[in-house]
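Pasting a structure here, questions to come.
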């Protein structure tokens, strides 16, 4: 127990909080010290995350303790409010899973690094604060980063589809089983909140504007994002594959596939899988992630590993669902 | 329009109300006069039941009108309250889809007939008030009525599984897509609220007590109930099939199948399908219905047809979902 | 029975054949004379289409009879072969649900009209042969026809997703439940077989080339297609809605919605529903159909109604699944 | 690598073979030496188990090597044939995932122990051959073992439901997505092949006959079994819970829950979860497992751990799917 990383979670009854608990409870270098929840304080963690029955006797608390790393799993816009109202030691590293600091990294004496490890690995290693990317933002950036790096991006048409866990644990009309089952629908068309962070990062690499037209869809599963990005591109498929493979060669969680992919290959893992298809001058890039893992809590643990000098993949070799 | 049955619906924004609207809008002998809803009064019907876009321009109302038949689609226990607070002409026939009058048929000057058409067809024809049966109650009675008629019932072990529409339109934890998808669970084990009406009707026929052990499960689909009832029985499979076929010979919505059945055969129809299996002295009876149709609104229209002297199956030849 | 349309189906054990049987058995003006099937000849129709138990005692046959209208529900490329090998009277109207005649309308003395009723209603009324459109082709054309009519189309980026019935009844790896459930994947990217018929019809109206980039996805439901088409367009959203409403004003099965749509609004109906969204100069058009009905067999019956002078919607007011 | 257990898998392209590969590739004490497959020999493992892309470059082989432990993942009845045709050193331990040796443990010089670790842990530790239990057999025995131990069993009525992976990877009519989605059906009613092994083990403990009436259902998910067993029992719920908790106190994978359980709590884990409910003299026991893990490959690894003196739970702390 001595030298373990002491970790705490703020907002631990939702989906991303739950996934963090699952990952950190079995992380060999982490001592999960507290799970904060106003609504559930005093209740057993396994009473909310019932799959953890027998795995932990811990209870949710309303009391902060000093830790080495603090994960914020709060609804969007609430991280800033929470940090304003609670004193956190400057020694404590912070990983925020919301979108408050993705575009506005500076906050009092804090300075958040955008935590896409395959883009900012070195910066993350020395960061005290990390803004964990959005789920769609991760999937779309993985599909486009190598192209931006080579300044190939102009207009990109993206359709992405996500599972019901992307909509949060509070029941609502669009997550009612009777409505969502066997259904598909579009939402936030051309104005999804992740568009900003995607464009910002791509444009830095691309050295010019990236016109991004993003149509998000709701799918009828719980976990998983699948994205297809269509753009004009004159390089050959082989050149493009080589470029993607080179870009991701040192990144253990990104798989570039020359065979057809499907979303379920990555469900319940921290992996992203990418496939390219080309016809004449048109390129289509498919990518898939688990929105709660590579798109949220797995990414956060990967960032924590980097921030504490651990192997990037510690505790992230997860058994895929596969079927 | 002259001689049409004027119909009104009370509580018309939920699942059973919606199904009634769908059925009555295209019923050739019905003029759907109003759809009452406190919460949605003034809104277009198609704004709640969005599949009806283009089918009707009607709006929900909060105003009662005089009609020939009134359907009550209220939460359980609210039908009585509603009838106490609203004056309904004695000329108006009432079909209640709740469970208030299934066991307690008498109410002021009203006297409800239990509306299982295959059991009480003649009584329903002359009834002014009908208590529409519960969904599980329908499926289980169809599986057991011919046996009760022959006094074959002692102890019966029943497992039944239902879709998410059985839990109502208000979002809750157990209808959240993330929880319910790919999941199954038991609820109200040995104490489901339909047990009373099932036992009552079976025991009248059976001339002795029927011990009914009912384990209800939640399934991960929106529509459909499947039931397997296991009991000891010394008749041969052929005798039993003959008995079921005879019992249901005049009932157009009950299909007795000598081949394996599956639930989806009856989804989006007003049919019940039944199969028997036997090994040594043990009989298993499977039955399946659409919980919103033969288990609720389709049954209610069948009852209305009988009460108004129409052919029982008017407007109930529905296209099955099939796949 | 006297004056009814005598109809026959060739290839009647698959999904589109099954849907045709369901529709024609209850069509008031049709006498369904035979259902041809080599593999199932002699078997009861309800042994394959088990939801029809109790609805018909007909058996599949291998023998052709003279009919007024013949529906061909054969795998793609097999309609031509079949017509070459079988003599069909010139008096018999033919509706082909395959893609053999969509681009090549002339065949011996036959001359197929492309059967999109909202585009070619008058031609269909007098046609002896109709080539029924593809399912994706229908959904995409409904989304784009009013734009093509006004010559607004240049490049269009389309993502469409379809259910497992689109892949046919023969079990294969990509329709195995264990693989497809909770999964999504792309296929035939930029080279789907319906692209030809879509482009051909749009370009006739558009008076110039339409660049169509179509990414088809497989979804995890049985019925339903949802399509989002993205394109540059300088008209206002209100102008565009007016244009769509005008274009479809006489077409009972096309609903133009100013509220958010979802696919399940049209499942188990012959309807198409369309919604527009716009941001700056970018327009997104969503459309949804049931691939087996408006995308296949429902469309075929609508065409038959037109060809025989019946009201276009005869026997096509189907109860929506809704949930 | 020195002292690792050398393992081989026979029949490694199916679901249970795939799960074994996933588990053994990351098992710290195992060196997975070969994966045998006649049909796929020469192909990359990741070409069949596509989620393993990037995890292994191994290829399927048709060549046996000497190993410390051999897992047989063959269709039922084929294990015996395979062992007759292939020489396996007496030093090699064998774990058979089929049902050939569950009831017939003796085979030439081999003598299979029934591998239910919570029942036969000590025997398994010294066994050279283990017959891994069936999936339904595991779930049902976990629900009933403590009752049998106390001789409480007479007649037991069991309904169990399983996912599509239980039916194997070969596509068939009942695993076609279009048929299985939103569907439920019964199969092998009162004659499931696991009944024998369940009765045998229970009766040894129970010291008298156990009448077991088992109705298996097919559910519409890929992974997971849920079972409800109903029986007469005069002990109180508290006594029974105490009895179950005592029976399983040393068994890390069995969770006895006093709160409502649902199947997804254990999906993608090696756990079984059990809940009791009681009304008057009737007891209902629910249990749930992942059919491919605690019901097959996870159980097999647990057995291997025991046979080689490793902690029972090595490499079996799997991240639950949870949602």
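By letter and in written order, the chains are A, B, C and D; residue numbering begins at 1 in each of them.
In this section, a contact is a pair of C-beta atoms (placed from the backbone, for glycine too) under 8 Å apart; a residue touches a chain by one contact, two chains touch by 3 or more.
What you see is a predicted model, and the numbers here were worked out from it, not measured in a lab.
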Chain whose Cα centroid lies at the greatest distance from that of chain C: D
Of B-D and A-B, pair with higher C-beta contact tally: B-D
Chain B and chain D: spacing of chain centres that average the CA atoms, whole Å: 40
Whole-Å gap between the CA centroids of chain B and chain C: 34
Inter-chain centre distance, chain A versus chain B - centres from mean C-alpha coordinates, in Å: 46
Residues within chain C bordering two or more other chains: 15, 163, 165, 178, 181-182, 220-223, 261-262, 264, 323
Chain contact graph, described as a line, ring, star, complete graph or other shape: complete
Complex contact set, residues of chain D against chain A: 15, 18-19, 22-23, 26, 47, 49-54, 165, 181-182, 222-223, 252, 255, 257, 259, 261-262, 264-266, 268-269, 271, 273, 292, 317-323
Parts of chain C lying in touch with chain A, wherever the complex brings them together: 157, 159, 161, 163, 178-179, 181-187, 189-191, 213, 215, 217, 219-224, 226, 228, 230, 260-264, 267, 277, 279, 282, 284, 286, 323
Of all residues in chain B, those that touch chain A in their complex: 15, 163-165, 169, 171-173, 175-178, 180-182, 220-222
